[in-house]
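Okay, structure first, notes after.
Chain naming follows the written order as A, B, C and D, and within any one chain the residues start at number 1.
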Amino acid sequence: MIKVAILGASGYTAVEAIKILLRHPEAKIVAVTSRQEGSPPISTVHPSLVGRLELPLEDLSPEEVGTRADCVFSCLPHCASAELIPQVLAAGAKVIDFSADYRLDDAATYLEWYGHEHPDTGRLGTTVYGLPELFRKQISGATLVANPGCYATSAIVPLAPLVKSGLFETEDIIIDSKSGVSGAGRSPKLMTHFPECNESMSAYNVGRHRHTPEIEQMIRRHAGARPQVIFTPQLAPMDRGILSTIYIKPKGKVAEEDVMAILRQAYTGERFIRIVDHLPATKDTVDTNFCDVTARVVSGRVLLISCLDNLVKGAAGAAVQNFNCVFGLPESLGLL
Amino acid sequence: MIKVAILGASGYTAVEAIKILLRHPEAKIVAVTSRQEGSPPISTVHPSLVGRLELPLEDLSPEEVGTRADCVFSCLPHCASAELIPQVLAAGAKVIDFSADYRLDDAATYLEWYGHEHPDTGRLGTTVYGLPELFRKQISGATLVANPGCYATSAIVPLAPLVKSGLFETEDIIIDSKSGVSGAGRSPKLMTHFPECNESMSAYNVGRHRHTPEIEQMIRRHAGARPQVIFTPQLAPMDRGILSTIYIKPKGKVAEEDVMAILRQAYTGERFIRIVDHLPATKDTVDTNFCDVTARVVSGRVLLISCLDNLVKGAAGAAVQNFNCVFGLPESLGLL
Amino acid sequence: MIKVAILGASGYTAVEAIKILLRHPEAKIVAVTSRQEGSPPISTVHPSLVGRLELPLEDLSPEEVGTRADCVFSCLPHCASAELIPQVLAAGAKVIDFSADYRLDDAATYLEWYGHEHPDTGRLGTTVYGLPELFRKQISGATLVANPGCYATSAIVPLAPLVKSGLFETEDIIIDSKSGVSGAGRSPKLMTHFPECNESMSAYNVGRHRHTPEIEQMIRRHAGARPQVIFTPQLAPMDRGILSTIYIKPKGKVAEEDVMAILRQAYTGERFIRIVDHLPATKDTVDTNFCDVTARVVSGRVLLISCLDNLVKGAAGAAVQNFNCVFGLPESLGLL
Amino acid sequence: MIKVAILGASGYTAVEAIKILLRHPEAKIVAVTSRQEGSPPISTVHPSLVGRLELPLEDLSPEEVGTRADCVFSCLPHCASAELIPQVLAAGAKVIDFSADYRLDDAATYLEWYGHEHPDTGRLGTTVYGLPELFRKQISGATLVANPGCYATSAIVPLAPLVKSGLFETEDIIIDSKSGVSGAGRSPKLMTHFPECNESMSAYNVGRHRHTPEIEQMIRRHAGARPQVIFTPQLAPMDRGILSTIYIKPKGKVAEEDVMAILRQAYTGERFIRIVDHLPATKDTVDTNFCDVTARVVSGRVLLISCLDNLVKGAAGAAVQNFNCVFGLPESLGLL
């Protein structure tokens, strides 16, 4: 059994990771941390865990966590995560980082988008981006994995094979995404107060959402050219799910079946990427680690539509998939 | 035109009152208050009001409010309301109080349920309870009206005529209510954070919700006997609406048509109480000032089912109805 | 009082029109039709109308309807509408048609998109498109008005002034729209069965939604050039509201304030178009006749975001606005 | 591996059972039936199953099903189920019946509540009721198990130990239940059309819901007295979950801790019944096989509050729990 600890266990991605790990035959949760006083049972914060996980929420040092566990899932916010991870790694544990801290290659982009100096610049550019479908080899055996952003996964999965094919413009890629509210985290705010966002759709952070540079970096890596991406995140009145509608221009004429063939070929044998003929709904993927993708050609543009569960394939499921990959386990263990 | 001011205009009941008053042919909103700094336009806090009401949110003294307006709608929280209302009244304005402060007859019950001394005990017991269908005569011309609680209205409307008839036990009345989330107000809290309460039902404040003494007081007044009420409030994943399912025992045998006849007779000519044969849904009453009521007899018990919109008939609509009554206007003005 | 009849009164746009007309000081509903047997009271089909409208649902001939009423709102499906409207007009009534039948200029486009011959081709090309903000003069006094499609309004309102300015490409306009479920009508179908579409987002009719030619026709009319539009309709888990996110390319460089200025200037004095600085939410416009619009410039593209209530500004509210316009009444009568 | 077939696989309880069985280490799905023409892959009906279950939906005879499988889950409607099950049993398979057909002890009650003669009366009264927490011994090794109704489970779990204790009246038990919409099945109907039931709460089948005799039978069996039950089912705007609020009278005075102790003792060691101190939310149990229960004493009455997922502990999860029990497997296999 591989011993796992969860840093920052009071939020939604953490509880999702816990639920998946409780089903995982090779993982054992040994610690869950939080700055709650008095080490209350985790079920006081997550009542769905009553009778399922009896651990207390402890306020542990990173060294202690890294010593107790073989692998640490860091569900801390960005910046906070990179401040502790070096010490967790130093204590000998491997780390799957849910935050954005190790996703970008360079400190300048991080500073530009996150507004402060990166606390651990030395690991930028060498940490693997945790999308096993694209970077399986590098993840296998890694000590630190940067778990991708939920929107980013929904965009990169369909876009990567297309831009890699050389058949598409990398300028003027439009990503119009709609997300469930759990993506905004568990801290109560007016924007996510039920009577405010229920029965409503709205855009937010237009042109400045922090998953943008992550998407651009991955397109650049696959296309070999600096892309121009417009990313519009939108809040939908539902708990979970991301629907991304992506518009990309072919350099020449392209048929729907050709685009589908590129997608199918790229993800042949991939357990968690489903290239489907029908128009997928987020609900088809909710509570699963699947990402459903289809393509349409309309008026000379290619539409890519992708769906996933932001808390599973967009966070905790991807993390467990990375965990399996890091420890040489079957990649779908605990995830089906 | 009657000049109206709204005290505490940043919440849901206030914006609902504003929208109703904007349609009211005899009312003109002259001031809206809030402790926001810098007197921002009210539409910065309620974007639905852009182009509809151009007033700033001002931090006005109660004297100033009472001087500017002929009638003040106080949407302040309990206790805060009763601290300002005496001064508003002294300045010459009439007041419709949305808070619970003047609903109960005696200071001891207030202390017991609200946990602090009442700031204006002199007006307890003489202030009229603002249910025009029951207390029209006293409301007409009153200077201060205590607008009823939303749950309370949904319970008192169906119960009052029954207990008054003398045909029912006043012991063991069970009120099982389900409310939309707007009833919890506009301050973000974990309980009303979208991913917590969406797709979920739960009970809260079982046996200790503050609308209980208000319901008991009204039943006592109509029955002439001290009732025993069990009131269970429950949160439903919707913006608005209260469904109350009420169980009451007839002293002898009673037929469904007799119960319906009592209800129909009690509310003959009442524009806003609809005694219906079908099982009503909260949606039938949403965005209206109607309260729909029906009755069924099951295994010797009478079931009363009532529906209303907690922000309209349960708050702002009732307030405007009271306003009309106080100023001698047709009671449904602005409300159809 | 102008006598109004509603053809096809059992659906959502009809009941919305009824509720608005009940508040309208110059309109009186004199007939509501449906093929229901036995002429049941309309409140049996719409329980929210109990005590508000006591008319029976009658199965009347178009001649009878056109004789009884001064103005007929046709809420029939496309094709069915154009089969009856000529007879209603012949009987002397004016008509506001909610269906798509008279929106397109030519019979060939109608055949292409609607799959059958138009039953009344003689009126195509001469019937006015019912967007008063663009065609007020022609609507005024018209005998037949084609009420616009809900998606179409959300796209045309922000796009018309921009394409008219000549500063934007009319190729490669992308309209990514999200709609509440009431837009799909009231007939139960699997796609709109609650457990299927609740908590889910999905695209449908990609590249072939019937509002596309309507949008293209209006852009062409304002731009003087045949546009290329990609329109993606998507279903959002809410009752009402459309959020359209529109991507359009400026011919040269353009600043955000310039785009906003074009919008502001185009709609100066328009009561129901609100050009706002903030990112609007559909909820800001629900239950109102407002259409909220803003613009952003991102990576050289212009984003337009528009919100409206598909049943009000997208259907019944627009119809009443047209009605006011046709009969020379103040345009916002009954709509504020 | 135990071979399992699903009869009537196009509905919600069937797909839920399939998802659970796909995780079950000792079960293998060998057939899924439906009257669809042309034997389409099951994923055309349930797109969430793409890549997870590749079986066709076959229109098989009961003999064929009973021959292919060791155990058959019948997800057919009542009456249809009892018409086929005898032949499935004759072919040698064991059966878990999701329908109500074998839940009641006598044919007369069945006729009274279901409106037609029972097609297989010989098995009434001897078939075990599939609540393992109450009837584990009889389920173990049974050939036919009657899977309980979802509402029934939510009521019987908290009530059984109390009425068995002899400390409570069995008259005047009130069960006020709120259910998610998936409980109404997958056939589109107006009542469950999204814009009808979304954002609304309503009661239905008051005094005549078919789970009533099932609840009464179980209370009678535990109490030894014929109970009088009032059961009010209500539709809540959510996919899944039942919240039952139950009111029962103690014969004498009873303390909250005594009631909790009775519940705790009754379910000691039960993996899927969680007696909790807090007020549970349906969300705590969604997608799990747990039933959460708590008790409160208010004004001399005992309130029991129970939560479960109607599709899991209320249907498919309970079925798999029964399956495990029947085949001598650990009862929580595949369910954690």
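Here are some notes:
Note that a contact is a pair of C-beta atoms (placed from the backbone, for glycine too) under 8 Å apart; a residue touches a chain by one contact, two chains touch by 3 or more.
Since the structure is predicted, the reported quantities are computational estimates derived from the model, not experimental observations.
Chain centres were defined as the mean of their Cα atoms; on that basis the chain farthest from chain C turns out to be D. Annotation: B-D is the more contact-rich of the chain pairs C-D and B-D, by number of C-beta pairs in contact. Spacing of chain B relative to chain C, judged by their CA centroids, is 36 angstrom.
One inter-chain figure worth recording: chain C and chain D are separated by 46 Å, centre to centre, where each centre is the mean of the chain's CA atoms.
Chain B and chain D, compared by their mean Cα positions, are separated by 39 Å. Shared interface positions of chain A, i.e. residues touching 2 or more other chains, are given as 180, 196-199, 237-239, 280-281, 283.
Residues 12, 180-182, 186-190, 192-199, 237-239 of chain D touch chain C in their complex. Contact residues on chain D toward chain B in their complex (touch as defined above): 172, 174, 176, 178, 180, 196-204, 206-207, 228-230, 232, 234, 236-241, 243, 245, 247, 279-283, 286, 296-301, 303, 305, 307.
Taken in their complex, chain B has these residues touching chain C: 22-23, 47-48, 50-52, 199, 271, 274, 276, 278, 280-281, 283-285, 287-288, 290, 292, 336.
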